[in-house]
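Next come two complexes, and both contain chain A; in the first it sits with chain B, in the second with chain C.
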Partner chain A sequence: MTGAAKYANDNPAPGLLHAKLAVSTHAHARILSIDVSEAMRIPGVLAVVTGQDYPVLTGSPLSDRPPLALDKVRYVGEPIALVVAELESIAEMAAYRIQAEYEPLPAVFTTEEALRPGAPVLHERMSEYEKDEEVYPEPGKNIANRTKIRKGNMEEGWSQCRHIVEVHIHMPQSDHASMEVRSSTAEIKPDGKVFLRTASQSPYAVRGAVSQAFRLPLHHVFVHTPLVGGGYGGKAAIQLEFLAYMASRSVGGRRVRITNSREKDMMSSPVHIGLDSTVKLGCTADGRLMAADIEHRYNCGAYADRGPIMSRAGAVDCTGPYRIDNMRCDSLCVYTNHPYCTSFRGFAHSELTFAMERAMDSLAKEAGLDPLEFRFRNAIGPGDTTPTQTLLTRSTVGDLPKCIAKLMSLKNWQGSSSPHKDGPVVKAIGYSCFWKNSSTPLNAGGGASLVFYPDGTVNLQCGAVEIGQGTRTSLTQIAAERLRMDVGLIHISTDIDTEKDPYFWKTVASRSTFLVGNAVLRAADDAIEQLKRLGSLVLQGLPEDLDVGYGRVFLKARPDISIPIARLAEGVALPNGRTVGGGAIIGRGSYTMQNLTPLDPETGRGVPGPEWTVGVQAVEVEYHPIDCTYRLLRAATVIDAGKVINPALARAQVTGGMSMGLGLGSRETFYFDSNGVLLSPQFRSYKLIRYGEQPQYDVEFVETPHLEAPYGLRGIGEHGIIGMPAALANGLSRAAGVELNRLPLTPERIWRTVHDPF
Partner chain B sequence: MREPMPAADSVEMEVNGEKRRVNVRASSLLLHTLRNMLGLTGCKPGCENGDCGACTVLVEGLPMKSCLMLTAEANGRKVTTIEGLANSPATYAFAKNQAFQCGYCTPGFIVNCEGLRNAYPQADLETVRLWLESNICRCTSYEEIHAAVQEMLAGYRRTP
Partner chain C sequence: MIPFDLEYYVPADVSEAYDWFRKLQEQGKDPVYYSGGTEILTFARLNRVRTGAVIDLKAIPDCRSLQMSGQLLEIGSCVSLSDLCAANPFPLLSLAARGVADQTSRNKITFGGNICGRIIYREAVLPLLLTDSAVVLAGENGMRAVSIHEVFEGRLKLRKGEFLVKTLTDIRFLPLPYYHEKRRKIGHVGYPIVTVAALKKDGKLRMAFSGVCAFPFRSDPMEQVLNDSSIPPHKRIEEAIGRLPGPVLDDIESSAPYRRFLLARTMADAIQSLESR
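Let's look at the complex of A and B:
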């Protein structure tokens, strides 16, 4: 707001060196040689690093990626060398002088090409890759993971269906497009300690990955994360951190920064996963879903990164929030010679939802049912089971029928939803329901500590990164509520230091307020216990007769007999010479995921996460049949938030997600040429929604508490995005009278579909 | 010591009300000079291509993307960055309407809005749209930014 906020690249310092990448110009090729001599001759160049200098493999759950290409390149833009120089401009210039000689190999760009028998294999040595978490790669093929879901009896299911549809969808890869490009700085002290400053959503995972890749003791790696200028999942990946370390090592440990250009951020760093999917769906004559057969083929690009976990998430929640007792799903994570992918807001859910919800609209049309009524009838609820056969309760699944009912009661959204002509334009509404679980490792967790100061204020320390979502504000509210004190007296910094702040798994999956929030509650309870014990010594009452609140410890029966917490923090000298309190009062707490189980590799049976957030979304479009253009008029979300902690932040998270989802639905995509070169690595060719294009937003909340969460809250940070591409496509399909199953829905794409629907 | 830099040119400009003299290469961008030599890092690089508006500054009161301007071109001119706009009506309106999330694009938006206020204090909706479509915000839906701009301009729209 004032320019004072510091992000990762905002501390220019004397002596700071700069690193820049040289990247592959081939989509798939063997590296024959890399000649760095010309680059090294440029004055100001200090070092050049290539993959041969660090033959390590990184990546979780599948270690398939060298930080700098080794032997082979697998996408255009893949880093092949790193130049360290005194000035950024010199490093950039030198990077272009690095000469690599390649032997081109045949490339695959679509999941269809990659899965064809005899297709060129990207990772010949897949069977040697280290694995963690649940991942099932298929060596010899381009399949990094396959998740299988088998539930009920398919034959019986299909036999009960009166209406059956089959839908094929395509969602392309795209970009996170954070306004802040990725930037990492590394320095290695003479004693071997490594200091990293990085724009990351997962500083603790960075610490672990850097320590593991370069065989450093964990306690020798320190990660500092200041404010992050937008993440959306893209900064949960670990890439530049490895490179910054390698760059610093190449110049004797001096401080080196590597900051992406916008173009490199899009073509070299990890992007948003794509999906090709086939959904076969059937219902009875009266519109009850009986069977589903789904095949997802996620396009994860050249390396797996979080792709296998995303393809698993795509299987776990493949049906959307509907009860379907007979179903099967195969969800594949497919390698192609495109930029590699990492987590993206919604974590494979806007993709699976696009597939499922297009099928839902097609089936409703086939069965002659109103699309929203059809969804209402099939909404999942307590007593039903999910695709992974998790038995649901009100606490774990929330209340989708209530969300739908609330949407129908909203002023702007009542009445007929059928498309209608309005002069030369057609107005139409499209709907989508969504749900999402969190796909975390079974042991994801975090800690928190509360330090009491002698001026009556409290310092909250925790590892949840501020990426603009307001988590840290919500966490202070949670602490204030439990300690019964003014939120203004609870301080929280914007930066994370892995050295000082308690561990937190990663700031992803809409799980920070749940995991860290529970840790904060436990820290507050721990502090309250300590304060009561100290208070009992001063007030001469039993701890159980005391209470804490409003900055004081007091007798429950006589609140006027009390002692300020500030004085206990300072230390109270008793007449007998003993001192109560003082030193430091520190409440500590931690929380880890509970009751999750691994999924059975053959049937997918298991408990994937603690709860599902459900909701319904709608988009109204104004479509011009003459030129296939359209305007976004209104968009709505009704979401079961469990409990809204901060109404303004909650609405902002949901509308922000909706805006991003409308972007994915309407325009965002990567355009490649036939050699796999990204043609749209800039904001003038990669289009984002701009001011003035936003529709009118309606957001409403339903509150069905999740019993394990602080105050019953559910994750909402990602969910606004999930149903928007589907709702937009459903609305436009109804308006244009054709099935629009390929994103993004540019006027050209609609025009092509209208004029050549097959 | 080897000197990697070619001979530098001296540029004098008025930045946030203070006279500043810097020695820069002819090819130096105003964005980099403000950030790396004057420490004004509120001016954010987002694309360095004129597409995103995060680096917007005021030059003689009008918005300019500082990645599209050579430092040499600012010689003798008045430059205002976000650091020089503390307590401005736009800053106040953005804070009040929570018109930001990660905050990275916010300085550019505020500077642009201040430029708009200077140039068209009674701007209508279409003028506002034309001005603000030069900046990108990836976090918000623009709803809050719209509310902030309307509030900022409301005082000027009243008929006297």
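Let's look at the complex of A and C:
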């Protein structure tokens, strides 16, 4: 660690102006007036912008959100005005002087309140919102999307069940809590070209969204993204970029930066979605799952952002990695007067998994079965179908039984899993399986180029953002492997420029090594073809008789007859005066999702993504019945990674996800007062797992190749988080002897459940 | 980012500090004394503290003292909690100090700042209440030493412009048996749901609390019943909780019923721990 990394906010520039937000103090209210006169009188204030200046709607798949509130505010903390000033402190000072007058409206804070007949409606003009991708809003209600899954025959399914449970769970909204807060800078050149520098996971989507919102030609918008200090999905959303553009426009195109304070990052910018869910699940006497009826009500807050796609993901994978032939699911994306949500690591899966896996443990208990054995018996596999009726193969679903078997064979995790008393404490293990496909648009894709230099090195260009996950390192490894050259000779920058780097959809969904990795392989193959063709001219052989590797092009039959790639890159002068190579050798490749189909609106039938990554997780807790406190002792993940191409990075990714998942399970949440004011917008009150509180982590891999992916690898970037809240809740439920179905599991929560289970 | 302008003064001694305060007050700057700064800075950036000037006390030698002086342990108000814990002259106070915030913050948070701050827990005051310590205050008429019980009612009752210079603790209290327990919502860092500090002197229990009510306190009526050996311990605790000096806090750290539960448990633990010592 050198401290040399430069993030979006680390770039002071002469003449840089600063923007700060004034935000709503009401959860739901009509804006009667906004008085900016006092703010404008402060020396150093250059402009104040309000929603009326830019009456545009943004958001994908549903354009429901004005960058600055228009007519109405829908959550406390919603931006209502923007001040641009010479100094950040002056902008902040002026933002406090903006006076808004409101007419309060009744607000809804829970999904239950929002879905009640006659509930106040947040978006009265929902039917006018523009839509892209598959989204099914229900105008007149607070439902931004409903995804329906219908598979098999419910009546027949239930009739075969000997044991049935119904479980209600609650998972609150929380924060991404990236170390780096969001920051965007905009400048508009005299020729109208817009330059944005932003901490983003989706610079190419920023480009499209800004151009669309402000009716700018796409080729006039340039986005630069430096190293990003943690994203977790939160920086896939586009918010400050719009505001930075509006701020710059208001001062004649001068360069303006807007950087969130930690509090604004939590209360004004998009957060982690919440879930209320009801799962009814049944199995036969010998523990085979026969039927499931699931209703998910995702709490997306005041605006939809990616909420509809997350609620769809929650339906698509709603059963978890289990074979259930008769099932139905309705998954709703529900508006409430809370901060709005965007993608979050796991993309609705840690939420659906909490619901499903609590039901699995309840059903195992009801049927008198060992929870892990019960999961093993119902593990999904090749020949089974998913909730969307995709027929699975070994390549697409991996090997969950192997993961479970491997967990049971691990040194620390053998023996009885039943809770047992150890003096005054109870030790117990909770389990959860998980699976996850991606939820990308059907045409998500990306490109890559490999530029060869005369010193024999290669520059890899691609649009995968480095957010700390190490993707760009993995991509150089993929290129090195295919080119058979030293990875140290392949250069990759930390930054992305949309004008130079080939397009990539978004750095989300654990899809970068798959999509960009495939593009890199194709770029490498393209380069190899070119090198062989050039080599054939120098070495006087047919291209098909040549091979490339170790920095050279050589004859397959006589590897000693060869020419260095560096010389071809430089240009080889032949005796006849002609030059071979030189100029630039550029390999190019691209890859787009293949064979995905839209989901049928009535049954959900369709192919949502290329493959599922499966795995099993376990958490051991030491529970103190006397005061309901506990310690996290150990946590394990066995994941089918397809192929591990960088063991250290893979382990770190999975472990990081596990730590986040334990945070969600044990302590992370937003607390609101009765008016919807966020009471925990700081790390003083917003609890995270701190160093020294973590359990011992065990991470192991199973390798079942995904045949479409580079070297068979599967996405693993998000997956460590998915089963952790459920495994923790299952372990603590077993230890405490009560059903713990509401997160987070603070000792007080357990105490209240033990003392008042209803 | 602090959304207002402020001036910064670093007086070299106690009288200069007060003089600055008076002058700045006259200029309408609404000055505040500044020590570690953690609370002022973090509240100022949220616009929850506004001041035109801060007077940093850290250069004043009296405020930095940490020494034995005859029968008294003298602790300056500007000694950081980290330094206080490292020197460890008063083990019970070290425990109380170590429970505050995290290490990085404790490097900045000072003993006096913790006691005089706006954040309601002020846990460093608990050992002072248990040991009948004195506080040295500076103000218009120079310095005065008074018993903490005279000037502490949930917070230090300071006169306008007055500040805490140091505290004085009789060293005969230092070897006495003590107990300290801080219970948080979850994890090792955070505000208390309940902090109990206790001391046994002449066979009698003394107990002080933070986190329970909206202010830290030591209560005579509670100690009377806690020391009444004619009542069984659990009854004593029940009775003592009935004599709390204010309503039990109910906030995002904990509900009131859970606080009451943890309070009773921690008091029982304190009694048990000190009973035989």
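Heads up, the rule we're going with is that the second predicted complex is superposed on the first by the 758 of 758 C-alpha atoms of A that agree within 3 Å, B and C clash if a C-alpha of one lies under 4 Å from a C-alpha of the other, contacts with A are read in each partner's own complex, and residues count from 1 in each chain.
Here, contacts are C-beta pairs under 8 Å (C-beta built on N, C-alpha and C of every residue); 3 or more make two chains touch, one makes a residue touch a chain.
None of these values were measured; they are calculated from a predicted model.
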Open item on the list: Let me test your reading of the model: by the given contact rule, A:228 touches which partner, first (chain B), second (chain C), both or neither?
Closed with: first
- [ ] Classify the contacts of A:415 with the two partner chains as first (chain B alone), second (chain C alone), both, or neither.
- [x] neither
Open item on the list: Once chain A of both complexes is superposed, is A:690 in touch with chain B (first), chain C (second), both, or neither?
Closed with: both
- [ ] Could you look at A:261 and tell me whether it touches chain B, chain C, both or neither (first, second, both, neither)?
- [x] both
Open item on the list: Which partner chains sit in contact with A:752 here, chain B, chain C, both or neither? Use first/second/both/neither.
Closed with: second
Open item on the list: Applying the document's definition of touching, compare chain B and chain C: which contacts more of chain A?
Closed with: B
Open item on the list: If we overlay the two complexes on their shared chain A, which of chain B and chain C does A:180 touch? Say first, second, both or neither.
Closed with: first
Open item on the list: Output check: A:96 vs chain B and chain C. Expected answer is one of first, second, both, neither. What do you get?
Closed with: second
Open item on the list: So chain A touches chain B in one structure and chain C in the other; where do those two contact lists coincide?
Closed with: 261, 684, 689-690, 692-693
Open item on the list: Quick check on the complex: what are the chain A residues that touch chain B?
Closed with: 1-7, 9-12, 43-44, 86-87, 90, 177-181, 227-232, 261-262, 467-470, 648-649, 652, 655-656, 658-660, 682-684, 688-694, 697
- [ ] Going by the contact rule at the top, pick out the chain A residues touching chain C in the complex.
- [x] 20, 88-89, 92-93, 95-96, 261, 263, 626-627, 666-667, 671, 679-680, 684-685, 687, 689-690, 692-693, 746-748, 751-752
TODO: Note which residues of chain B are touching chain A in the complex, please.
DONE: 2, 4-5, 35-36, 39-49, 51-52, 54, 81-83, 85-86, 91, 94-95, 98, 100-107, 110, 128-129, 132-133, 135-146
TODO: State the interface residues of chain C toward chain A in the complex, per the touch definition above.
DONE: 1-5, 45-47, 102, 185-191, 252-255, 258, 261-262, 265
